[in-house]
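Okay, got some structures for you below.
Both of the next two complexes hold chain A, though its partner changes from chain B to chain C.
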Partner chain A sequence: MTTFYQLLFSGFALGCVYALVALGFTVIYRSSQVINFAQGSLLALGAYMVSWFAIDKSLPFGLAVLAAIGVCVLVGVVFQRLVLRWVAGQPVFVIVMITIGLSIVIDASVSAKFGANPRLLGDPWSSSAVHPGGVTLIWAKIWTIVTVFGVLLGFFLFDRYSRYGLAMRATAADEEAAMAVGVPTRRVFALAWGVAGAVATVGGFFLATFPNQLDPSISAVALLAFPAIILGGLDSPAGAVVGGVTIGLVEELTKGYQPAHASWLGTNFYVIAPYVVMILVLMVKPYGLFGRAPVERI
Partner chain B sequence: MGTAHRTRLAAISAAGLLAALAACGSSSTSGGGATSGAIKTGPGVDASTKTITTAIITPLSGQVAIIGKPLTAGQEAYFQAVNAKGGVDGWKINYVEKDDQYNPQTHVQLYNEVVGSSAFIAQSLGSPTTKAIEPLADQAHVLTAAVAQSSSFTTDPVMIVIGTPYSIDVANSLSYIVDKLGKRDAKIGIIYQNDEYGQDGLRGYTAAHDASHFNDVARATYNVTDTDFTAQVVQMKNAGAQYVIVNAVPKPAATIVGTGAAIGYFPQWVFLGPAWSEYLMTDNGTLTGKPTQVNQVLAKTVWVMGYQPDWGDTTAAGMTPFLADQQKYSPAQAPDYYFMYGYTMAQVEVAILKKAIESGDLTRDGLLNARKNLGHFSFGGLLPDLTYTPSLGPADRQTLIKKVDVTVPAFLKTIQPLFESNAAKTLK
Partner chain C sequence: MSATPVLETDGLTLFFNSVAAFSDVSLSVDEGEIFAVIGPNGAGKTSLFNVISRVYRPARGTIRYLGADLLRLRRAQIAGAGIARTFQNLGLFGNLSVLENVLIGRHHLMRSGTLRGGLYLGFAQLEERSHRAAAMEALEFVGIAGVAHRPVHILPYGIQKRVELARALAMQPRLLLLDEPVAGMSTAERGEITTLIRRMHERGYSIVLVEHDMGMVMQVAQRVLVLDFGRVIALGTPGEVQRDPRVIKAYLGAQLEEEAAV
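Right, the complex of A and B next:
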């Protein structure tokens, strides 16, 4: 049973990071129907900025995180205001290609500034852990779960009860109607990119805590979060959270139990298990667990 | 028929004859090459400037750049040293570098981009990446230096492979535990990367098990994009594995050891060479750098398989000139075994070029013949000597074992000199 709880904890912590990555995708998709292929690069940028502020600039870790969030929010907002606003109305494909361009620029800049070797993150937890009932709970992962839930709760309160949260939801529902009633949609788009930058930073640095290291390959995790986004529903923040946690748990528990109990499935089944779950869900709910079917006038 | 018309006809006939002669000339060499003086030339060989162009396709970014960068720096250092001394019999080596990020698809794209203008591929790093271009290289007869010790490459005539194949390294290290240390009842497991590299290590593990029937208690695999290794480590812990072979690349290898330490599991981890990097120990890969979070546990629990002498061990004849070239051409380079490997790979490539030039044939087939008939080659102790003959196979079957030591350059110290196990003798 200890093994089960150990895997459950690790899968849950991993799923929380997936949830943050998925939330970044969802926020932008909801406001502009664009899948942001730069989300993984924003995640790496955020983690490197935390490391830079904490190690190179010797800021206390909390301040380093806040400063890094500030940088990533700024990058997101500036990119939206300086680039994306000028291609409003262009086919989605064009905007997707521009986000791929942003991804390349960020990746190249991070590599040029920080190199390819692993970097220290500067977090205060290191390898410390508690061991209730023989299960190891690494403090960095405990904080991952606590912080992710804090961030998600904050986002939901903002989304549900704030003026700009309402504006974001209105824009997501119908951009033209929102504009007609005076919603500042351009500001909403910029806000969405800012939120995406903030959640990417938090997800990024938690992904680089012990026992992992920080290196440029961290951006690849965005691809692992794709099944979470589809599973939960592309336009649903709640779906991103449920999808992320589900995928993390499926991946870890499959990895832990399938080789011993269903070895006939092969040695790498845990890699495709999240996609199997995703396909099964889509067969029942084609727009994901919490996605909305688009309403069109015929 | 007028004079003007006859003159035009004669001119056309002469042009046609010249074209036919030119076609005959080029068809006499492989790969669309030509004959220049006494030397036949092929793609990537410019006789007018006496330049041989080669390509390095390697991860210069991403998680395997930790290997690709120093290894490439080692090759650059040796090529620069050779060029500074007048080149290979007067021929200068020009190299282009491409970053594949350890991605097989990117690797194939880059190969196609450079192959037309390269005499040979001076570095193709990684088993899955090299496997992806192998059929193309075979078809076009392109000599390719595989920075990967997968056994299958050692029997491919277009591949230059130095060092001991992974399968033989694993078989030797298991023999070290079971036979040399006498741990016949030790519980042993393996965590391997789920690709060509991992499969080759697993082959050696299985062969050693068949030979010595050690107590194989667990086998786990991982994917190179994985971020969490709890399941694999818990599997080893639950099986009671006392020795675990880590057939991985550096970042996952360190995460595996760190995860083990976090859950209170401290077996003897035995890394294959590509699992190790000095940057796992400190932030700049040197003794004076800031220790990483896994520094202590690596120092206490990790052995690394290899075939190179300790950094700075001048009892190896090649060490002094190597260190001199490193100081001259790559002074910022921290002590690093991948740098040494890149340097030795460049040494054997230059020897092959020299042989091809002596044979008067720098076409692709000429380079393949030179590789096939190179014969005995000594690295001056930087690597075990190799012998290339028309009968293909591993260049070497020996392995040494190092332990992590925080007091020596490059952090590794030999605890078992080169040896060859019985299981390794029969592995192909």
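Right, the complex of A and C next:
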């Protein structure tokens, strides 16, 4: 039973990180119907910036995180203002290609600056833990859960009570009409990219605490959040959370039990398991658990 | 005529590439007036709206709103200045609810931004409640409060047209630009919308109306401007315009001329 609780805990913590990564995709999708392929790279940039500020610049850890968030928000907003605004009104495909371009630029810059060797994150927890009832709760994971809940709560309050929450959804639905009713759409897009940058930093940093080291592969790890997004539905923050936690639990529980109970599935089956769940869900609910199917009128 | 006109254009000209969409349009809308712009298809009516709401930049001419230069405002600032518009082909946010669609029209009136809403929730909640009340009131005015929580895209066309009207009213405008509010409607619906526009007029809004339906225009408008191929061919009361030989020619065309010649 201890093993089960242990797996539940680490699965939940991992799921929270996926939820945060998924939320970054959702924010951009909700404001512009674009899947931002640079989200993974922003994540990597955020994590590297935390490490750089904390270790190379020896800032206190909390300050290092804030500084890294600042950098990523700036990158997101500047990218939107300098690049994306010129392709406003172009087909979504064009914008998606440009985000892939941004992703390449960020990945290359990070590799050029920091190289390919793993580096430390500079977090204050290393592997310290508490042990209630024989279950090992690593501090890094406890903080993951706490922070992710804080960020998600903030996002939901923003979505519900800030006028920009509704403005984002309206802009995504019809940019022309949004402008006509007085929504400053340029500010809405910049805000969305800023939020995506901030969420990416926090997500990237906690993602890196899981192997507890940082290397350039982290930007590809972000793609693991894809099953979470698809599972929850692209335009639903609640879906991002449920999808993320589900995928985290599936991954950890498979990792814990499958080698002993279903070894014929081979080693590392836990890597595939989230995608299996994703495909099963899509067969039943093609728009995800929380996504809304577009109703076509004839 | 001592008061400043709500809307005044002078020599307004718009080109698409080298083709004139309309040229030399001068008009002036008085406070509280229903001013109709009519004309055959392609006469430049909707383009005129698009210039006033800053979608297109005119090649020449001026637009003054309450005496101030409208061309100095950006598109998203037009609503804040007090000009609301509806669209010929609907400009609604399909996946949002009716109430949310109306609520978004009040964006420029809301004060709690990201920080304030985040730091002091009480204020944001209070503000949100008052805006919801105002949005509901607008929905009641157009008679569709009952569908406030339905997603817009599942509703019939006639209701969607009303949602647009409610949103425009919720914006607390001084000037309403209505682009073909009864297009594609049944006779009964036309009658209801016409009554609604009259009631808006009684509330004191200044209204510019683009419409195909001559009967409706003649019923509600105080003055009518007739565009034909981008040129103003007549301007006056509905009665004057109806008798104008150039208007008759533009609407009934060469067919009538031929008959007269026989």
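The rule is short, and it goes like this: the second predicted complex is superposed on the first by the 286 of 298 C-alpha atoms of A that agree within 3 Å, B and C clash if a C-alpha of one lies under 4 Å from a C-alpha of the other, contacts with A are read in each partner's own complex, and residues count from 1 in each chain.
What we mean here is this: a residue touches a chain if its C-beta (ideal position, glycine included) is under 8 Å from a C-beta of that chain, and two chains touch if they have at least 3 such contacts.
All of these numbers come straight from a predicted model, not from anything done at the bench.
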Subject >> chain B versus chain C as contact partner of A:Ser217, first or second or both or neither >> reply: first
**OP:** Identify the partner contact of A:Val183: answer first if only chain B is touched, second if only chain C is, both if each is, neither if none is.
**Re:** second
Original post:
More residues of chain A are touched by which chain, chain B or chain C?
Top reply: B
Original post:
After lining up the shared chain so the two structures overlap, which partner does A:Arg81 touch, if you call chain B first and chain C second: first, second, both or neither?
Top reply: neither
**OP:** For A:Lys255, decide between first (touching chain B), second (touching chain C), both and neither.
**Re:** first
Original post:
Now for A:Thr136: first (chain B), second (chain C), both, or neither, which partner does it touch?
Top reply: first
Original post:
Who does A:Phe158 touch here: chain B (first), chain C (second), both, or neither?
Top reply: second
Original post:
After lining up the shared chain so the two structures overlap, which partner does A:Lys285 touch, if you call chain B first and chain C second: first, second, both or neither?
Top reply: neither
Original post:
Can you list the residues of chain A that touch chain B in one structure and chain C in the other?
Top reply: none
**OP:** Give every residue of chain B touching chain A within the complex, in rising order.
**Re:** 59-63, 65-66, 68-69, 194, 220-221, 223, 225, 227-232, 234-235, 238, 251, 254-255, 257-259, 261-264, 279-280, 283-285, 290, 292-294
Subject >> Contact footprint of chain A on chain C as seen in their complex >> reply: 53, 55, 75-80, 84-85, 87, 91-96, 100-101, 103-105, 107-108, 110, 112-114, 117-118, 121, 124-125, 128, 151, 153-154, 167, 171
Subject >> Complex contacts: residues of chain A adjacent to chain C >> reply: 154, 157-158, 161-164, 166-167, 169-170, 173-174, 176-186, 191, 292, 294-295, 297
Subject >> Complex contact set, residues of chain A against chain B >> reply: 3, 6-7, 10-11, 13-14, 107, 111, 116-120, 126-127, 129, 131, 136, 138, 207, 210-213, 215-217, 220-221, 223-224, 251-252, 255-256, 259-260, 267-268, 270-271
